[in-house]
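The two complexes that follow have subunit A in common; it is paired with subunit B in the first and with subunit C in the second.
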Partner chain A sequence: MLDRHDMITRRKHIDIPEFYVGSVMAVTINDPNATGRSSRFVGICIQRMNRGLKSNFTLRNVLDYQGMEIMYEMYCPVISSIETLRLEKRLDPHLLYLRDARPEYSTFPMDMEPELIAEDAPVPINDVKVKMIDGDWDKSWERQELKGIDLSGLTELQKRMALKRKTPDYVQYDLMKEYRSTLPEEDQEDIYREIAPHYPALVASQRKFRRRKLAGDA
Partner chain B sequence: MSQAEFRKLIPALRIAIRPRSLRMRNIDGPGGRLKRIAGHVTNLIRDERVEHNFPTLSEARNYAERLIAEAIRHGDKHQPTMDLANFYLQEKQLVHKLFKVLVPRYRNSTVSYTKMYKAPTITNRKPAAIDHPKGILELRNNPLPPLEPRPIPTRNWIHNVLLEEARKDFAAEKKMEKELALQNQIEDQQRDQNDEID
Partner chain C sequence: PKMLRFSRQLFGPVFTPKMCLAKADFHCTASDLRLQKLSRLRIVDNSAIGRAAMMEGTPPKIIHVYSKKKFGYTGDKVLVTIKGEMKKAIIVGCHENQPALQPRFDTNNAVLVDEAGSPLGTRILVPIPTHLRKKLKDMSRTKGADYTKLLSIATTFV
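And then the complex of A and B:
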């Protein structure tokens, strides 16, 4: 498929590292209006959408007491580098609730150094329970099944409403809902077969980028 | 359209499915809808042939195919599959039938496990009533009398006999022509060799 071909071609020019929602990352883009023609942003990945060539992720940081989020399309040629500074996972599929959490959970220094872990070590899971601000929240996070929020400060009414919105048990038995939301095994194998010839070149270019980066740092 | 999530490897259904699930209005909401589908699946597994409204049966067919595929893949010692069978088969002896009878029947099959037919829609009702399209859903290789007519062997029909003989004659002719051409080629080669020697 054309999209997949373009994604593979882009990955031969730039190293897109392993990252998850909850990882702290640094992205450098080519900005004609910035000093040095490039600008770097460091933030925690709060959302990751896999949409083929339009796949994107959002980084959040708090700079000068102002929270900001930037959404980057992974295969955009404007991006010159993507680094994972801290590789870790969280308990939830997204961290949009950090908007209503206390700022310390979204603040990361812009000159943060990458934290290295062993290559074959499992990805650490950060099970922190984030404390929320006292005022009104943008969304009723207590009603979504999020495990990373500290919900001890809720009122009784809020707790009752949260239970009401719990997903019912029968949803786990809905075979066609599950089937329609995934790609069947045979179609997945077709795609893997399509990109398998490109794997050696991709792995070689990845190794080249990482070697170059280590040499650059040293 | 959101992208597919890959959490579980699911074998492909061997039938064409609607891109969206069928909306079935139910007083108990989505839970009631699933219960109704489970009822149709139960009837199918028990009677091996059911007749009902076509769209509902079409949707129930998908669930039946998925249930059988899961049973074949994981067997009866797998707890989530047992829970699924428990949910969809409302009579407990049908769970045994699924794993002991249907799984061996369809284990080596490469086609769908069910077949769907359109049934006669016109029923003996008042002219003002709506005639919903009816369908028949049945399991393959069931012991009931077949719905489809037995295929008539047409090999002994006169025109087919004549055509077959004509085909044989044509093949024989072609073969003779080829042998003749080959023989001529050999004779030409031999004549050229003799000319060279001379």
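And then the complex of A and C:
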């Protein structure tokens, strides 16, 4: 598959680390309009979209009391480095509600140092319940089943509407839904077989990037 | 207390101005996030008229977009009414979803300029996108005015 070939080639040039929605990351891009031709942005990953060569993620941060988000395409050649500063997961598949949360949950210093964890340690899950702002929200977050929001300040009407929109219990027995959202094992094996010849080269270049990075830090 | 639904796109979540309590409490339909005629902007420079308008709760409204498109995007010049006067402004940040690598802001930000493109304020208080540099340079070349002057009063680029 051409897409997969391009992704592997790109990963030999740049280290795309492990990250999840909720991880704090730093991305440096080659920007002809920026001083020094490169610009760095630090933010929390609020969303990961698409698959394959089009995969992208959005980072959110609050600078000078101004909230902002930048969407990056993972395999874009303009990106010169992607670092995970804090590797962690959250309770929800996306963190779009951070736009309506208090700003401290989206604020990260631009000169944040990477927080190292052991290689074999499990990915920590941050089960913080984010406090929301007073006033109107962009979306009715209380009606979506999001576990990371502190919903203690809801009105009675909002609570009733949230219960009304709750997904029914029988959805867990929907086999076709599960089939559509996952890849069957046979197809997975085909993909692994296709990328297996490239694995040694990929692991070698990853190790090279990590070693170079540690040498740079030392 | 409930605020006007759109007021967050002007003031952002941090700013809870008391004047919003006096406004009507009504629900609007899903907001079209693009900037067009009668859209309200947040002035992010320290010009006197800009600060006064934002403090009073009467933000500038776009009455014309100086581009061939119906909508205003980052870097476009617009004509706004602010405190009863008509002024030109440059959009420096949009709430709409942006293409990859371009920042999307929580508020629709603008900087007031005069006919020659010189900003009315002496400092821009929020980060502005780096791609403005190219956009404003191209705009200056065709129009004969120098719109890149506002880049020199910017504090941070994103």
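The rule is simple: the second predicted complex is superposed on the first by the 217 of 218 C-alpha atoms of A that agree within 3 Å, B and C clash if a C-alpha of one lies under 4 Å from a C-alpha of the other, contacts with A are read in each partner's own complex, and residues count from 1 in each chain.
The definition used in the following text is that a residue touches a chain if its C-beta (ideal position, glycine included) is under 8 Å from a C-beta of that chain, and two chains touch if they have at least 3 such contacts.
Owing to the predicted nature of the structure, the values given are computational and were not obtained by experimental measurement.
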{"item": "Subunit B versus subunit C as contact partner of A:31, first or second or both or neither", "value": "second"}
{"item": "Subunit B versus subunit C as contact partner of A:80, first or second or both or neither", "value": "neither"}
{"item": "Which superposed partner A:39 touches (first subunit B, second subunit C, both, neither)", "value": "second"}
{"item": "Partner chain in contact with A:188 - subunit B first, subunit C second, else both or neither", "value": "first"}
{"item": "Touched partner set for A:179, first subunit B, second subunit C, both or neither", "value": "first"}
{"item": "Touched partner set for A:205, first subunit B, second subunit C, both or neither", "value": "neither"}
{"item": "If touched residues of subunit A are counted for subunit B and for subunit C, the larger one", "value": "C"}
{"item": "Which superposed partner A:49 touches (first subunit B, second subunit C, both, neither)", "value": "first"}
{"item": "Shared contact residues on subunit A - subunit B and subunit C", "value": "none"}
{"item": "In the complex, subunit B residues that touch subunit A", "value": "2-13, 17, 19-21, 30-31, 34-35, 59, 62-63, 66-67, 70, 83-84, 87-88"}
{"item": "Subunit C residues within the subunit A interface of the complex", "value": "1-5, 7-8, 12-16, 44, 93, 97-107, 109, 125-127, 130-134, 155-158"}
{"item": "Subunit A - residues contacting subunit C, complex", "value": "29, 31-35, 39, 41, 56, 63-73, 76, 78, 99-103, 133-136, 138"}
{"item": "Sites on subunit A touched by subunit B in the complex", "value": "49-52, 168, 170-171, 173-188"}
